[in-house]
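Take a look at the structures listed below.
In what follows, chain A forms one complex with chain B and a second complex with chain C.
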Partner chain A sequence: MGNGLAGTTLRINLKTSVVRRLPTDEALFRRWHGGRGITAKLIYDEVPREADPLGPENIFIMNAGVMSGAFIPAGSKVSFGSVSPLTNGHGDSNMGGHLGPALKFAGYDLVVFENIAPRPVYLVIDDERVELRDASKFWGMKSLECEKALKDELGEDFEVATIGPAGENGVLFSCITHDFGRQAGRTGQGAVMGSKRLKAICVRGSKSLRVHDLPELRKQVTEIMLRTRKHPNMEPWQKYGTAFFIRWSNDNAVLPTYNFQTTHYEDTDKIDGDQLVTKLLVTHKACFGCWMNCGKYTKAVVPGKPAVYLEGPEYETGALCGANLGMKDIHHVAYINWLLDNLGMDSMSGGGVVAFGMECYERGLITEADLEGHALRWGEVDDVEHFLDMIAHRRGIGDWFAGGTKRAAQKIGKGSEKFAMQVKGQEMSGYDGRWAPGMLLSYMTADIGAHHNRSWTITVDMAEGRERIAGRAKIVIYLQHIRPLFDTWCICRLFWGELDITPEEIVESLNHITGWGVGVDECLRTSEMIWNLNRCHYLERNRANGRTFDYPPARSWEDKIPSGPGKGKGLTREQIEEMLDDYYDERGWDRRGNPTRALLEDLGLGDAADNLEKIGLLGEPLPGGIPKVRGEKYKPKAF
Partner chain B sequence: MRIKVDRTKCTGCRLCLQICAIENYGEINPKKAALRIEAKFPEPGQYRPFVCTQCGKCAEVCPENAITRNDVGAYIVDKSLCTNCGACVTVCPVGVVFQHPEINHVIICNFCMKCTELCSTGAIVKWDKAPASKGGTAAAEEV
Partner chain C sequence: MVIYLKAGSELRLKLNPDVDFYTRRVETEEGKTLREILKDIRLAPAFVAFAYSEGRIFSLDRAPRDGQSITLQPPVSGG
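Right after this comes the complex of A and B.
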């Protein structure tokens, strides 16, 4: 009988090439569940607060939690984590595909990379065999090409994760690529991998994954499988993946358009899911153990350029590299998606950064002279290709943009900070929050900056009132606990969000796998603990009151939506302050946005309270004490 | 009874591999499955399942006569006779006879059909009316 763990942890010192094999600390997984929880704990304990995220003292973590690889809906994820060079706080990012399960089947739960390799290396794990190999012939290769080259060398059945030139060159929003189209995109994990001169990770495993009660797991999951196949959302998800959401987003005035200037795109019908399926689709593509196959593998043809194969564009890329850049042809959106994938940049931040550059260009803040003689116009794919090449290789002002929109705006100045669409250094996901207050609050308060997967509230905002902010913070807090749980378990959240599998069912599966015998509330508490530890970590590294970091760019309150169904809508600065006050009260933080001792001790984080106190950033005790329960249970309607 | 493959419908999820090993070995381990998925990426971007075609070449070549056909047409390995010599692995035209370091005999599909029950896209389906005689090829069975 097992517990979902493979049994072995690897500690790899890249400087000395020493590989240590340790028995996996089951108590660590039991307390932090895995995935981003493990990252939160290890980087808090091990990385000095003043350490450069791209320096030798940062650690780079890969783990597949306790559920990945098991017989479970979309149990496919692998989580990467480190101190983020993009946000200077906790950073984690995960991806589906087949790498996470392969790691478990090879016998490993957790791999921690320490230090920096003296020369480029790649890691090969083939059951017991663990080797760092010379990567000099792969260094400089683009992500997708490198994956192919490694599979040609090692064998098709190795699961491979690579970085591209952007990661090698320290572009702060670099991603990690796997399975020719799956990315761990956010928080710059590719840049951390590049800083360690780790070009790729290749894994093959032949062992069995032991779980607590396989017959019960099989019975339960088979029932879920047969039931969810008949769910009305299954067909659109299988056909379009997330891409069908472009039109929905436009119709509901949240589609970021022209760098979040408006939320209505007149050419939506040229870049939506129908276009993707009819013009680009090669094959549907699923992650390990998933019967929803939301991945769309495609081929894009842009005249004068080579035909390219990619996975996507999914919703986020379609929004941020489509409407947000003014693209009018699905082939162009896909081509930009491919450029970003192959250079090894997050296509969400990438879209945000290019859109910011385009608005700067439109306003005359950057010119052809800055762009090596090129323009940077809305809707021009050639302009984007050249600009991305400047960024990936940090040429000229490409170096400014390689730090993301926040750092680029600091260099450009002249009021550009107002429309650098980011929070804490991370670019916004593909939803404009001006007429979706819960979404804006989600961006403002997320532990990794403006990312939607911590909390997504568009249907909540629609159901509860798009101009109403009262009561929204509680729901955001609940979502910030439940959604990241999937990232601790290393499984996909779509079955919960879109096919109505309940949290209780998922936790039942978790118990069949681990034997932990936990309930949903206990899991939510674990997630809250992770959230608060990350907040403490952020404060300790950035040394100011938390509220300082929780504001969106001024466009969020200064500019009303100028066109479309959301015309004239927007939030005021006062409403944003009110939402923050409400959020902090509901979290048990003080109004400066700092966690209080009573809360941290309630969550078993007394040490973090001591650490905050030493630097004067511990929250003041709340007059009425902390709320007994933080967050309010809410099931957002599927879209 | 055989399995029909429509490779245009395969999404590469490997649920078939998972359930195969769970059914036959009581373990989560796709490397103990009796079928395989070939993935051709980045070009042309295609998955292709390979399943036993019941051609019988494994039985013909087996020096121990450990592989015999049962009444549903499946080739069954007698674990007490199989020496895991691998002759059948070499000769299988579609590469679906497997060896695994933890198992001391070869792995051949027994047509339990669990894979076809879980395949959600119809890439592999139960083929009740398949020709009973041996000699089929992978190509002949693909849609």
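Right after this comes the complex of A and C.
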């Protein structure tokens, strides 16, 4: 009888090339559930607080949790984590495809990379064989080209993850690419990989994964498979993926347009999902163990450039590299998507950074003289291509933008911080929160900076009143606990969340796999523990009250939406302060945004409380004590 | 005439299915657009990302025919 774990953890010292094989610490997985939870715990315990995220003391973690590879629906994810160079706090990012399952099938649950290799290397895991190889001939290659070259060399059945030039050059929003289009995009994990001179990870596994109760798991998964095949939303999902939500976002005044200047894009019909399906689609694509196949493999043709193949653009990239850059042709959006993938940059942050550059150019804050003689105009794909190349290779002011919008704004000054659309250094996802207060609060308080996957509240904002801020904190906290569980378990949220599979059913699968016998409430408590540990870690590294870091850029309250159905809408600074007060109260933090001892001890994080106390950042005790339930009480079926 | 609206996830709760887990039978007048029909049943069209019928997108501004089955796709965040 198994427990969903493959049994072995690898500790790889890149400086010495020593590979240590250790029995996987089951208790560690039991308490932290894998994925981002494991990252949170390991980086908190092992990385010195003053360590440079791109230096030898940071560790780089890859793991596939306890559910990936277990032949459950969409059990395909692999999680990467480290101290983020983009946010200087906990960083994690995950991707689908096939790498996570391959790691488990090779016999490994967790790989921890330590130190920095003296020369470029890549890791090959082929069941028992684990070795670092010289990557000199691959260093400098672009991500997608490198993946193909490694598959050509090793064999098509190796699952390969690579970084591109951006990661090699320390662009802080660099991503990791796999399966010719899946990315672990957020928090700059590609930059950490590059700082360690680790060009690629290649895995082939041929073993079985043992689970706790295979007959029951098989029975449950079969039932879910039969049920979801008949689900009315399955076919549209399979056919269209997420790109079809661009029009909806535009109609409902949340589509970021021209660097979040407005939320209404006049050319939405040129970049919407139906354009993708009719003009670009080559075939549908699925991750391991998924029959939703929401991935869209496409071909983009831009006159004067080679035709390119890519996966996407899905919604986030379509929004941030489409309307946000003023693009008027779906081929151009896809081409920019491909450029970012191949250079190895997160297409969400990448879209945000380019949009910020375009607005700086429009305002005369940067000029052709800064851009090697090029312009940076809305809707001009050639301008974008040149600018991205400057960033990826850190040429000229490309070096400023390689640090993301926050750092670029600090260099440019002249009030540009106001429209650097980020929180904690990470660029906002594809939703404007000015008329969706819960969404803005989600960005403000997310543990990894502005990111939608921790909490997405647009439909809640719509249902409960878009002018209303009361009650937003509770729902945001609730979502910040339940949604990241998918990233701890290393399974895809889209399949489970959108096809009426309940949290109870997912936890039942988890128990069939692990034998843990846990309930949803315990899982939510684990998620809350992870969230609070990450908050403590952020405070310990950045040495100021948490509230200091939780503000969005001033555009969020100074500029009302100027056009479209949201015209005139927006929040005030006072409303933002009120939302933060509510959020801290509901979390059991003090009004400075610092976790209290009572809360941390309740979550089993007494050591973190001690650490905060030593640096004067422990929250003051709350007059009425901490709330018994933090956030909205669990409601079955809501994600 | 009668049409059948289907939805899952959070949108299902707003649709109030009465035929099966996902499906609601709606009696309506011929010529009414789907958008008008949704308003009639007090389901704000803003909660529908797009509609889908017979293998293709069905515009909210089109009128369904008698007996037509239409799936309502809820908006979701990107992956």
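Methods note: the second predicted complex is superposed on the first by the 631 of 639 C-alpha atoms of A that agree within 3 Å, B and C clash if a C-alpha of one lies under 4 Å from a C-alpha of the other, contacts with A are read in each partner's own complex, and residues count from 1 in each chain.
In this text, a contact is a pair of C-beta atoms (placed from the backbone, for glycine too) under 8 Å apart; a residue touches a chain by one contact, two chains touch by 3 or more.
Model, not experiment: these values are computed from the prediction.
Taken together through their common chain A, the two structures put chain B and chain C side by side without a clash. Looking at the shared chain after the overlay, A:R247 reaches chain C, while chain B stays out of its contact range. Shared-chain residue A:H231: touches chain C; no touch with chain B.
Applying the stated contact rule after C-alpha superposition, one finds that A:N542 touches neither chain B nor chain C. Once the two complexes are laid over each other on the shared chain, residue contacts for A:T459 go to chain C alone; chain B is not touched.
When the shared chain is aligned, chain B comes close enough to touch A:G69, but chain C does not. Centred on chain A, the angle reaching out to chain B and chain C in the chain A superposition, using CA centres, is 70 degrees in steps of 10. In the overlay built on the shared chain, the residue A:C290 is in contact with chain B alone; chain C does not reach it. Of the two partner chains placed by superposition, A:Q220 touches none, neither chain B nor chain C. Figure legend note: chain B and chain C, brought together by superposition on chain A, show a least Cα distance of 13 Å. On chain A, the surface touched by chain B in one complex and the surface touched by chain C in the other have no residue in common. The part of chain C that touches chain A in the complex is made up of residues 6-10, 12-13, 21-23, 44, 46-47, 49-50, 52, 55, 57, 71, 73-79.
If you check the complex, the residues on chain A that touch chain C are 96, 231-233, 235-237, 239-240, 242, 244-245, 247-249, 251-252, 274, 294, 314-316, 319, 429-431, 452-453, 456, 458-459, 462-463, 492-494, 497-500, 637-638. The part of chain A that touches chain B in the complex is made up of residues 69-71, 98, 101, 105, 144, 148, 156, 179-180, 205-211, 214, 218, 222, 225, 229, 238, 282-291, 293, 295, 297, 299, 309.
The touching residues of chain B, when paired with chain A in their complex, are 8, 11-15, 18-19, 21-22, 25-32, 38-39, 41-47, 100-102, 118, 120-121.
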